[in-house]
Amino acid sequence: MSGYTAAILTLLAINIIAAYAAWLPLAAGQVNLGTAGFMAIGAYSSAVLSNEFDWSLPMAIAAGAVCAGGLAMAIGGPVLRTRGLYLALATLAFNEVVRGILINLDVVGGAAGYPVIGHLGLAPIAACAAGVFLLALWLGASRLGMNLHAIEQDETVTALFGVHVPFTQLAAFTIGGVLAGLAGGLYGHHFSFIEGQHFSVLLSVTIVLSVVLGGTQTVWGPAIGAAFFTLLPEIFRGAAAWRYVLFAAAVILVMAIRPQGLLTRADLMRLRRVVRLA
Amino acid sequence: MIAQQLVNGLMLGGIYVLVAVSFTLFFGCLNFLNFSVPALFMLGGFLTWAGVAAGLSWPLAVLLALTVAALASLLVERLTWRLQRGGPPLIPLVSSLGFLILFENLVLVRWGSDARAIPSPFGDANWRIGDVVIGLPQLFGLILSISLVFGLQALLKRTKLGRGIRSLAENAETATMLGVEVDRVAPRLFLLAGLFCALAGVLFSLSYQLVSPYMGDQVALKGLSAMVLGGMGNIWGAVIGGLVIGLVEIFAVGALSADHVNVVVFGILLLSLIIKPTGLFGDPALGQQKL
Amino acid sequence: MSAPLLDIRGLRKSFGGLDVVRGLDLQVGQGERVALIGPNGAGKTTVFNLINGYYAPDAGEIRLGGVDLVPIAPRRRIRHGLARSFQNIRLIGHLTVLENVLLGAHVHAGGPLAMLLPLGLGRGRRLREEARARLAEAGLADHAGSLAAGLAYGLRKRVEVVRALMARPRLLLLDEPCAGLNTQERGALLAELHRVAEGGVTLLVVEHDMHFVGGLCGRAAVLNFGEKIAEGTPAEIAREPAVIEAYLGHAPERYAHA
Amino acid sequence: MLEAAGISAAYGPVKALAEVSLTVAEGDVMAVLGANGAGKTTLLRTLLGLLPAQAGRIRFRGEDITRLKPAERVRRGLVMVPEGRRVLTSLTVEENLLMGAYPRRDTPGPAELDAIYGRFPNLAQRRHMKAVVLSGGEQQMLAIGRAMMARPKLIMLDEPSLGLSPRLTAEVFALIASLNAEGIAILLVEQNAMLALEASRHALVLELGRTAFDGASPALLQDDRVRRAYLGGSAPEDTPHHTPPEGVPP
């Protein structure tokens, strides 16, 4: 495998994990525009643990994910009281606050960035992505996954059937935080350098964009969206400077034709039927 | 010192006012969080530079920039809101983000990503009142912003189009029943709101004499905060919110450092969303009901 | 009648100064099938929403099997044996019929940890079997795997009933179960509800179709302007002058004097 | 004047109207009766074009309007006063009236507004207040005044008596009669069937989205069919031919 291919695949793996981080709350109808903020928490805390405290990489990255999840749970309480676009804006603000603090935190290099000593290659990162995908498959088939979809479509009715809506949403938000922290930890230990600027609202927005594009109804949607987002600009690489232009045009086009995302539940069921017949 | 900061804050706030009003028009009337606003802002500012750099006169360059931004806004209406209205509000939001990436990268392809210095047509015209320096371009910008909002207010109150927009904002179905055609009113609203933020971009470039393809991102986030702070869908709320955010930013720079600005501004946004999501002057029914 | 299953006393609710329910008393005995009828705007759906907890009453008591429901959170009322269907179908469109029905069994699915198990594992396995069985009984077995959104309207109405039954309610509230159904579908629903009632579930039905009410319910209470103006068998009700006036308006000669 | 032939309409998968035909003659008052969910409001919405007709044709004053947008129909004089009045509460009383003239190509002059205020003195007093302060009866007057600003040839009223006291109901019906006397045709959907039959010349009874009766109103006053449409006819025990569906014990 060429270095180029490995680099693209690593990026794809990290983007897939980040996509599932955004998907869980999104499946329950919550637009989390703070995913990059949680990634930053995971990246910085794992980097500090492995750099300064000599933790092993798996331990440090796991701890980073837990930190991000813990923070998600802590801020989830107040933030999730807001709804719809208000929630999107609240998480967006959260993202900017986290980034602003990190840029000013001299312990971790401030705006100059923070070098990470430990390094992870493609294999462990791809394994993590595969693990996250399996976890998503599992959750998607669980009652939690079903309740999330139900809440997204009809919160009132779901609550009347006894589902504790705020608790369920907090659970999704927290698991999303853990996954984002994981993606951040992996990112930092792969690229060996992190800076606050990278974890901007634009990154959060791009992640949500990829999930919506892939489709939120099925477990496959986020992976498809992440692949679309990571690979499409590479396909257009020949067009050099034009690639993001073409990519953006593709996004607009897809959303105009298929606002429910590339893959819907109905598509998936049709696909299964075809496979079974064949 | 404090007087100078007050002046600077209000001047900066004048820019945010226009962006916040633009956001609030889209949100209040169409329930659409339009993320192409930063790109329209950038088009206004950047194309003014491009026009001047290509040898056009100032007024002509501004006119050209505003025209392109207005057409861009109409394109956004056609390909996002018109196709996706009635569905979940997230969908047009995502599409409009696509347009943000599209416009920024189109400019990038043509002119590169560097920030460009743009000479002020007014030179270094200043007013001095005691120790306080008031930049004339900035002052002009602030006055223009506020008068435009007054103009908008008059348009909404006194004209047929304004009444149509307001009925649409209250209840689209009733408006349709009365004979308001959404597909005719919406493009005009996009034109109006698009011009507001493009003009903010022009004023920004004239006041701060620097443009780049990404100049809209941070300003738009501040404008968004201003809209939320003032109360989504409320025009005068957006004005107050814009001025407050401008003041907060300048005072945060003075008291802490330029790097802390975002922590303070977005901290305020986060807190205000948690404590009072409807903002200072927002209609509690708006947003709650529509979403 | 021994202590009624549902006991509503002095129920009041007003919205913005408009009294929608004014001092309603209504008792429904165990195993009864009662219709709540009345003209447009009489407050029938509001009564349902009060029982359900979607609105809090201004005054009055709602007891289910002796338990006062008013202080109980809406989410918890289903645990006391209360389930309902909705006037405008509210199935979860992009879940399958089976999944929708399983949503109805949420209260029997176990604690937070059970939420993390796939639907067919552990206790979920028995629930899934129960859901399949109930769908089969209702003649909906063929549709178990279809998405709810793609189903014909009449079928969706019946899935809503099965979903509510999965909560194993003592009292089932049905809000206009017939609306939008054709004659044939009404027949199928009527048969289904007879079966449900024989299974021991008490029914309280808001319905406009008086044929349907006559075919299902032994007793009907008539609401007008938030007050109960008559109560009796559907046949008695249909002859009651106050009811006829509530539905058809004032007789012309009386209007002339007004 | 208004002629609908075999129109059908649906909300998504739910068929709400099946091949309904009706004719409202010049200067006529027609009542549409039926139980809840019979399709009365749907009929009005389809006639105005808020809901597309899936089948059938609609002609208004000799012109086929089946495919026209609501705004075009309002401009031609087909106007609706919706159920629950739906005045725009964030606009002032006067702005609401001006909204009635929205599709018109000309600008309404002060004389026109004064004519409306002359009719409704209560509205004149509050012309510059937000419509949210109006009482239910005043809102109904405003909704009708707003419809008049469109220069209507035919007004469709949906449940004008809903939530009004008997006295206000009588006032609204007197107003409807006077509008009719000025040559405006009326299509009236009304829960209060007896009142509607009294006020109308022709009546259409809908049952499950289909026409159950179409004819002269006085004939219906004595007819059992209205009672049946609302109250399900004679009670089941009186009708031995009513057979319960299969599987149901008697």
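In this document, chain identifiers A, B, C and D correspond to the written order of the chains, with residue numbering beginning at 1 in each.
We adopt the following convention: a residue touches a chain if its C-beta (ideal position, glycine included) is under 8 Å from a C-beta of that chain, and two chains touch if they have at least 3 such contacts.
A quick note: this is a predicted structure, and the numbers were derived from the prediction, not measured.
Within the contact network of the assembly, the step distance from chain A to chain B comes to 1.
Of the two interfaces, A-C and B-D, the higher number of touching C-beta pairs belongs to A-C.
Set against the Cα centre of chain A, the chain with the most distant centre is D.
In this assembly, the C-alpha centroid of chain A lies 52 Å from the C-alpha centroid of chain D. The distance from the centre of chain B to the centre of chain C, with each centre set as the mean of the Cα atoms, comes to 50 Å. Annotation: 42 Å between the Cα-based centres of chain A and chain C. Centroids of chain B and chain D (each the mean of its C-alpha atoms) stand 44 Å apart.
If you check each pair of chains against the touch rule, the ones that pass are A-B, A-C, B-D, C-D. Contacts from chain C toward chain D in the complex involve residues 18, 39-41, 152-153, 176, 179-180, 182-183, 187-188, 190-191, 194-195, 208-215, 233-239, 243-244, 247-252, 255, 258.
In the complex of the two chains, the chain A residues touching chain B come out as 31, 78-79, 81-86, 88-90, 92-94, 96-97, 99-101, 103-104, 110-111, 201-202, 205, 208-209, 212-213, 241-242, 244-245, 247-249, 251-252, 255-256, 259.
Residue ranges on chain C touching chain A, taken from their complex, read 52-54, 74-79, 83-84, 86, 90, 92-95, 99, 102-104, 106-107, 109, 112, 114-119, 124, 145, 147, 149-150, 163, 167. Within the complex formed with chain C, the chain D residues making contact are 13-16, 35-37, 159, 162-163, 166-167, 170, 190-198, 208, 221, 226-227, 230-238, 242, 244-249. Per the touch definition, chain A reaches chain C in the complex via residues 138-139, 141-144, 146-147, 149-150, 153-154, 156-165, 167-168, 171, 217, 264-266, 269.
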